[in-house]
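Okay, got some structures for you below.
Both complexes shown next keep subunit A, but they swap its partner, so subunit B is in the first and subunit C is in the second.
Then we have the complex of A and B:
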């Protein structure tokens, strides 16, 4: 039951920087998800909190204590690993009780806590089994149970679901969420799966190359990405990114996408772009709407395009076409067959267009 | 047709088995018959008269001692077990260090340990003899143990390193976040998992010491420190060789090794293949 705080945390392997000057406060009871591509430093950060990785610079606080020099055993955090790391020579029961046995807790108390954990996770019938006799999902549950019985200050999850198949992953995701609501403790969760991040997190941290790109609630990072990387990383399919030139015609600004298409710029954004020549436009696929009867108004922009490919997914159909040199994906929510080569009319609500600086790639 | 194939296959196996076991069988037979019969031509495969004379002589049941075999046996047991225990303890720690930690010159140290194994032991005999004589540990069990430990440590390190590598490093990490010190994690989690492998390494070390002849023949001089393989030479006189006695003492040597191998056979095989995948 404690706050976890990272102050100017840096981790270097020789000359390679894994985590750069990270500052972060995780309040008690928060479900924080670290997400990013492989090698972005998310697992390293988690391992530094656990004490399994030495810190090159900075300070880590758990509660109000600096834990830099503390052994993992003295930090009172529990970690759940990707490959479960159950003790193969112990039964489920012994696996769960192991940490308490090491801590010399009374046998009665161990029994009670193990029984509690077994009940929370529905492992009643498996108590006497060895890990080799369990399925992937069951092993994952035991691994979580082992973390629960310790009653740690914080849970650390290192890609706990990536070894499970898609269906089980969804199921376990829900269970982890429920578990968090039941246990009311701090959770730091590492994943490279943005869907997991969105569904589980109170707050998401998107990392890249050892830097934090953005911190925010799932809705925040989705609707207001601070740069192109976050915009394309969060959301599936990724946000459409288009390079465009800025052109001024009769005191009005336009984004010239290719030779034929000019997207008007909302007047409210003139101040942001008036000194620039180039810009990066980001549009989510659901904001490019195939429209039969277009809306009229200054905030709508319509254009026609030939469809290169259509992928029906049931609830939606993804339509692929080219804008400039870029392949663009649009989502159509009324299921109907679309032929390749068919020309459709698309509509974009200009209020939903994201603008990024062409050099810094930061949101304007 | 299939039947014929099967039968001929097993016949071939049997033939090979007999060929391989023949020297051993000869030793066993010869240990239980009088000396002249061993030398008879053509060979007499089934003894006319079975006797345990050589054994009673060795273990002095009738008061007469041909060779102090009991003392040699004790020497062998003590030297082999003590050197094995020390070698496996050091080897285990070394193997763990090589498997789990990164330190400067790690690969070079490992390589030099392996190279030490490649030096033919006999080439060390003269320097060892002079050195041990100078510091006064020639003809002592301690000296032999020292040599055997040095001989076995690189071997046990190499084997146990392989076994520890097989255990995912998350095992120890999770144990440490579970409240273990590094040592507790080793003791409670990694050691039990590497147990069969370490057992196999220990047996190998034991058998190596148990059978060693070349160096022991230099360092041990009297009944005080001689081991069984060296004791066997007591049957070699200036003009005669007591083959029956030699065979008898060979049996005394073979039987414990055989029993040990049978007991741990399963572990030996699993241990060896287990470590073998290390690459």
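Then we have the complex of A and C:
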């Protein structure tokens, strides 16, 4: 039951900076997800909160106490590890009750809490088994159970689902979300999987090279990415990124993608781009769709392109073609067979186009 | 010729059968046979003097043999326990070191590089009551009466143990260090987050992970210490008044000095029971420890 606060947190390994000046407040009961490519410092941040990694600079608060100098055991946080980290010589029951035994909780109370955890996670039949006799999903559950019985101030999850197969991962994801609703505790969750991040988080932090790129709700980071990195990291398939020149014809601005195609710029955006020569355009694949009915109006732009490749997925078909120098993915929501080389007409809603500065890569 | 006998499986394992026969089975049968004869090394014809169980009857009544037998068990128990304790300590310390660990690991193994005979000689001169380093060192601190390290009936055994422990603790250390390096980091970190202090982590996580290595080391070393001969022979020669006689120094004395090979072989067969018992015990423990960790057996 506590707020976790990071103040100017820095972590260096020798000269290598893993986390740079991180500031963050995680209010009580929030489900916060740290996401980013490997090596971005997300796990390091989590391990610093747990106390498993020393802090090079800055302060970490759990509740209103600075915990910098505190051992992991005195921080009252639970952690779920990527490899489950179960104690192989103990049964499921003993694994669950271990932390309580160490804390010298009464035997009756231990039994009660273990029974509760076992019920929440559906481990009734496995109580007497050793970890080696469990499947991956069951081990994962025990690892979570071990965290639950502690009733900690905060839960820390370090890529807990990455060792499970796809189906189990989806299932466990739902269970973790339910668990959070039931337990009402602060959760800090590290993952490299943006789908996990989107589905679980109250708030997402996208990290890269030790820096926070963006903090926001899943919808925010998806619909208003602050830079090209976030735009391409969140969402699947990644946002299409196109380099274009800005040209002005008869007082109207256009984005020149190649010699044939010029995308008009909405008048409402003229102020943003009027002093620039180049621009980066970002369009999500669901915003470039094959044209179904003709549409009129200034916010739509149509063009014809030859299809290089199509990947039918059932509910949709992903179409690949070149726009300028870049390969573009488009989604066809009413799938039909598409031949390679077939020419299709596409439409783009210009309101859905993201614009980024060509040098700083920041959103305009 | 019987075609089946020379079928390819037989031919393929024939070399190993031959090798094992020459190296193990034939000597084993031969020595077992001699334990039923009055075979003396100096009289080869006595090899055919079959005496039945007389050698075994003699040794059962031989109190000196049983003293040596018991002394060997005591020697094993003390040496193995202390080596385990010291070896574990060294391994834990070296495991903590982040800088210069490899160098230290090499230095740690120096005692193993010397022949046990030379170790025996060295300690013999350290423990010598007149010219020994130890007594001279004590003299510097005002302890003027020379302590008869290798002559006193109790001290002599202890002195041999010290030499043995000095020479071989590093075997424990190196095996346990290998075990420590192989322990996954996650369960230890999990235990720290779960509220364990260093001692609790060691007791509840590190030690169970280390147990298989402890028992492997104990098995190897029990066989090793059980056949201790050279160091005793050099340091005390079994003296004073046979107070440091172990099984193998006794057997060697009877077999070679007294040339009473038949009798000595009978003793060897009895003392093998000891090695088998220790090995069996530690091996059972090893299997149990590994099963406990859910490892393959």
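The working rule: the second predicted complex is superposed on the first by the 363 of 364 C-alpha atoms of A that agree within 3 Å, B and C clash if a C-alpha of one lies under 4 Å from a C-alpha of the other, contacts with A are read in each partner's own complex, and residues count from 1 in each chain.
Following the convention adopted for this analysis, a residue touches a chain if its C-beta (ideal position, glycine included) is under 8 Å from a C-beta of that chain, and two chains touch if they have at least 3 such contacts.
Source: prediction; values computed, not measured.
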{"item": "Superposed partners subunit B and subunit C on subunit A - clash or fit", "value": "clash"}
{"item": "Partner chain in contact with A:321 - subunit B first, subunit C second, else both or neither", "value": "neither"}
{"item": "Chain touching more of subunit A, residue-wise (subunit B, subunit C)", "value": "C"}
{"item": "First, second, both or neither for A:132, with subunit B first and subunit C second", "value": "second"}
{"item": "Footprint overlap on subunit A, comparing subunit B with subunit C", "value": "50-52, 71-73, 75, 77-79, 81, 83, 85, 87-89, 98-99, 102-103, 146, 150, 156"}
{"item": "Interface residues, subunit A side, partner subunit C - complex", "value": "50-52, 71-73, 75, 77-79, 81-89, 98-99, 102-103, 130-133, 146, 150, 156"}
{"item": "Touching residues on subunit C, where the partner in the complex is subunit A", "value": "184, 186-187, 189-197, 200, 204-205, 208-209, 292-295"}
{"item": "Residues of subunit B that touch subunit A when the two form their complex", "value": "168, 170-171, 173-181, 184, 188-189, 192-193"}
{"item": "Residues of subunit A that touch subunit B when the two form their complex", "value": "50-52, 71-73, 75, 77-79, 81, 83, 85, 87-89, 98-99, 102-103, 146, 150, 156"}
